[in-house]
Amino acid sequence: MTLLGSGIFKGMAVTFRNFVGSYFHRERLPTNDYSWRTEGSLPQHAGDYPKEEGEQLRDTTTVTNYSRNFPMLLHDGSEPMDTIRCVACQICERSCPPQCIYIEKSTEKKEDSSGKMQFYPATFDIDVSVCMSCQICVEVCPFDAIVMNSQFELSTPNRFGGLLLHQGDLLKSNDYYHKIHPEEAAARDKRIADEKTAKEAKKKAAAEAAKKKAEAKAGAETEAGDEKKEVAE
Amino acid sequence: MTLHHYLILAALLFCVGLMGAFTRRNAIVVLFSVEIMLNAANLNFIAFWRYSENPALLHGPLFTLFAIAVAAAEVAVGLALMIAVYRHFKTVDLESMDTLREE
Amino acid sequence: MNEVVAFWILSVIAVFGALVAVRKRNLIHGVFALLVFFAGLSGLFLLLLAEFIAAVQVLVYIGAVGILLLFAIMLTERVTGDDDRRVTSRGWFWGLVVTAAVFVVLLLPAIQQLPPPKAAQTIDPSVKELGHKLMNPYVVTLEVLALLLTAALIGAVTAAQGVRMPKEEDSPE
Amino acid sequence: MSLEPLTLTDILIATVPLMLIFATLFAFTTWLERKALARIQNRIGPNKVGIPCTRIGLFGLGQPAADGIKMIFKEDIVPRGADRLFHLLAPILALIPAMLVLCFLPLNFPWIKNIQGLVKPFMLDGAVIFFFAITGLNTLAVFMAGWASRNKYSLLGGIRAVAQMVSYEIPLVLSAVIVVMMVGSLNAAEIVKEQADEYWFILSPWGFTAFVIFFIAALAETNRSPFDLPEAESEIIAGYFTEYSGFKFALFFLGEYIAMFAISGLAVTLFLGGGDGPGVTMNPEDQGLATEAFPGLSAVWFLAKIFALIAVMIWLRGTLPRLRVDQLMGFAWKFMLPLSILNILVAGFAWHAEQLDNTIITVITWVISFAVLYGAASGLNQLNRGKVRPREYKYAE
């Protein structure tokens, strides 16, 4: 049995680490204090809010990798819709507490990045004016398709629908994810790769035991696994 | 200050309570009035004790303590009854609770 | 000098509070006026050097009874506390007459029969002495009081709980 | 004891510095709280307002003054349909009891040495009872504010506050009873003296249990996080002060922080030895006042201990999420109340064991009482467990 109240002390230790750390590691501070910086190094649009409809500030280079704001969708390649990880299973839509996610499933399947036939989201909208950044969608996603973005300057001149992010706004490459949250992305990719190799090993063992079409299948999947590892590195 | 000042004040407070109990229809206000009367009595106890021959016996404060405890119990039970009555009659108006009266 | 001023201020507060409490139409205002009355009385107890009783008065009457009354009003009347029906009872005239009579009867002995007022003695009532008294000669009273309070607690819960609805009538959530 | 020798000068000397000191500390604490919370959340916190008309930030120490000026000049809005009188009285009623109870803290400021007995209320025989009595008035102010605003959220906040404060007042008083039992007096100065002579009560098993219960109940009494349900902004906007703005809001704010000081001060008095510390000797002859290395040292110790408790409160606010209403009530009635009643029993046995004045018996008593209390706490914890499960994901896996 654990010590009574130890959970509270654990939490207090975490907050205390944050408290002390914020004095010694300036990169922990996600606050965007423009007054720290000289005139030239301000982000391009700082203090200059969007004038045209649909235009949004998209500078995320100044936040730290401890910052999380709203969800984004991951894809693996250069052509977003071909390599989208989301298969429109709608788990995130149903577990979202404020119900800010809207998904429409595609009618036909399409090849995903590993060459498997999958459904894909025909529409994927997140209303960030409703989203409360709880990360439950990230936790429930079995495909690692939705993660948190740190983009924060989302102001828009359009009150109606301006904060409704569509698929095009949400889709970000895995490389971008590595750029904004390096540690988390590396851990996630490692886990995906591990799971994949474990699955393969299991499948291989099963296939060898059955002695059925072992070579072709194993060959195809090892290739895919290698690709995955390259991305992780 | 003399004992008489306190006694007259207590009598006045008691009569205010009595007036409330006689002239209001709402059962909760009648309960207020009973509380006022009890407190006036407590004031008398303390005043008599203060001006008594032998205050070291502490009769006044002891009796007042017991009176306060009993009054607290009375309020609790009284209000619980009132809630039960309200649930039954949908009112706490004393004059509409007349089901025992002959028609 | 201090004592006289304090006495008059506190007695005006107490009488005013009591009058407002019994005559105010809005019940919640009435409760707060009642609390003003209790506070004034507590001040008078302090003036009579019964400091422990004054503290208990604040603790029990203002802290507990006041809250209880507020809750009872919110549970029985409307939340606003307004009483828009006729508030004065049918027998109000005879009530006032009886009240006046009682007042006169109470005052007559107070004025006539009591010995002439003495100078107030300086007394030192210690809470410790009160505790010893409660534990030694009055311990049976104290125990009976504890029993009474427990009985009142159980009685209040049973009375306020009302009749429990049968299981079938519970609406399925 | 009588009122007669009391003069206005005595009263002013006793009260005005107390109010000024605590109002200043209030301003400082708001700044401290905002800074500490910001740092806990990896932010910077207020850092701009310093000396006016210069760019000197002074770590944002000017922020409380700026906030105060803003509050005073803001429009005072009273909603239509609100009870105007009660709407005005509620913040005043919230502040007065909080200010009043400060007098019952045994703070040995040098300037109160020579004034009359009655303006040192902590020398009263029933000081601790008075403290609890007056603290209870805060509940009424909260209810009044909630009711007078004529707003559903305010009323909900008010009712939540009343239910919470009434429930947590019981463990609060019961845990203070232990100290009163051990000392045999309700006099705050005597409680401090006893601790200076023997040991601080927090260092004994029953005293520690009582202190933890007291501290948790104090958090609930002052509506501090994680028990800040009456003002839970994500559920009921701002609870009972939703409809307050400008100076009335500032009064509420001030009252809340002063209440925090007061209740921490009582915790310091009861469990942490009051103004006791290195360089201070509690002097029984001098009406429980202290002999100090330099004047005011014991008051400094006292305030330092208060600030330590306030710092823990802020730290907890940065750490713990808000409780649910049923968890809050369950915790008070099913965990704190049985534990504090058992604690009174244990403390009673321990007192009798200490009267024997035998070191071995004392040590055995301490060990046994520690085991009993810890076992009881764990047992109650186990009994109350099982209702709350970790979050389940309905559709995943």
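Which chain is which? They are A, B, C and D, in the order written, and residues in each are numbered from 1.
One rule holds in what follows: a residue touches a chain if its C-beta (ideal position, glycine included) is under 8 Å from a C-beta of that chain, and two chains touch if they have at least 3 such contacts.
As the structure is a computational prediction, the values presented were derived from the model and not from experiment.
*Asks:* State the pair with the higher C-beta contact count; candidates are B-C and C-D.
*Replies:* Here the pair linked by more C-beta pairs in contact is B-C.
*Asks:* Please work out the Cα centroid separation of subunit B and subunit C, and write it as a whole number of Å.
*Replies:* A distance of 6 Å separates the two centres.
*Asks:* So how far apart, in whole Å, are subunit C and subunit D when each is placed at the average of its C-alpha atoms?
*Replies:* Chain centres of subunit C and subunit D, defined by C-alpha means, are spaced 28 Å apart.
*Asks:* Need the CA-centroid distance for the pair subunit A / subunit B, whole Å please.
*Replies:* Here subunit A and subunit B have centroids separated by 69 Å.
*Asks:* State, to the nearest whole Å, the distance from the C-alpha centre of subunit A to the C-alpha centre of subunit D.
*Replies:* Distance between chain centres, rounded to whole Å: 44 Å.
*Asks:* Residues touching two or more other chains, restricted to subunit C: which are they?
*Replies:* 3, 47, 49, 52, 56, 64, 71, 125
*Asks:* Does the chain-touch network form a line, ring, star, complete graph or other?
*Replies:* line
*Asks:* Just spell out which pairs of chains touch, all of them.
*Replies:* The complete list of chain pairs in contact reads A-D, B-C, C-D.
*Asks:* Taking the complex as given, what residues does subunit D use to touch subunit A?
*Replies:* 36, 39-44, 315-316, 318-320, 374, 377-378, 381, 393-397
*Asks:* Show which residues of subunit C lie in contact with subunit B when the two form their complex.
*Replies:* Interface residues on subunit C, with respect to subunit B: 3-4, 7, 11, 14-15, 18-19, 21-23, 27, 30-31, 34, 37-38, 41, 44-45, 47-50, 52-53, 56-57, 60-61, 64-65, 68-69, 71-73, 75-77, 83, 85-92, 94-96, 98-100, 102-103, 106-107, 110-111, 114, 117-118, 120-121, 123, 125, 129-130, 133-134, 138, 141, 145, 148-149, 151-153, 155-160, 162.
*Asks:* In their complex, what parts of subunit A are in touch with subunit D?
*Replies:* Touch residues, subunit A against subunit D: 1, 4, 8, 11-12, 14-16, 18-19, 21-23, 28-31, 33, 66, 91, 94-95, 136, 139-142.
*Asks:* Using the touch definition from the top, list the residues of subunit D that touch subunit C in their complex.
*Replies:* 1-4, 6, 86, 124-126, 129-130, 132-134, 136-137, 139-140, 143-144, 147, 150, 155, 159, 162, 166, 169, 184-186
*Asks:* Touching subunit C in the complex: which residues of subunit B?
*Replies:* By the definition above, subunit B touches subunit C via 1-9, 11-26, 28-29, 31-33, 35-36, 39, 42-43, 46-47, 49-51, 55-56, 58, 60-62, 64-66, 68-77, 79-84, 86-87, 92-95.
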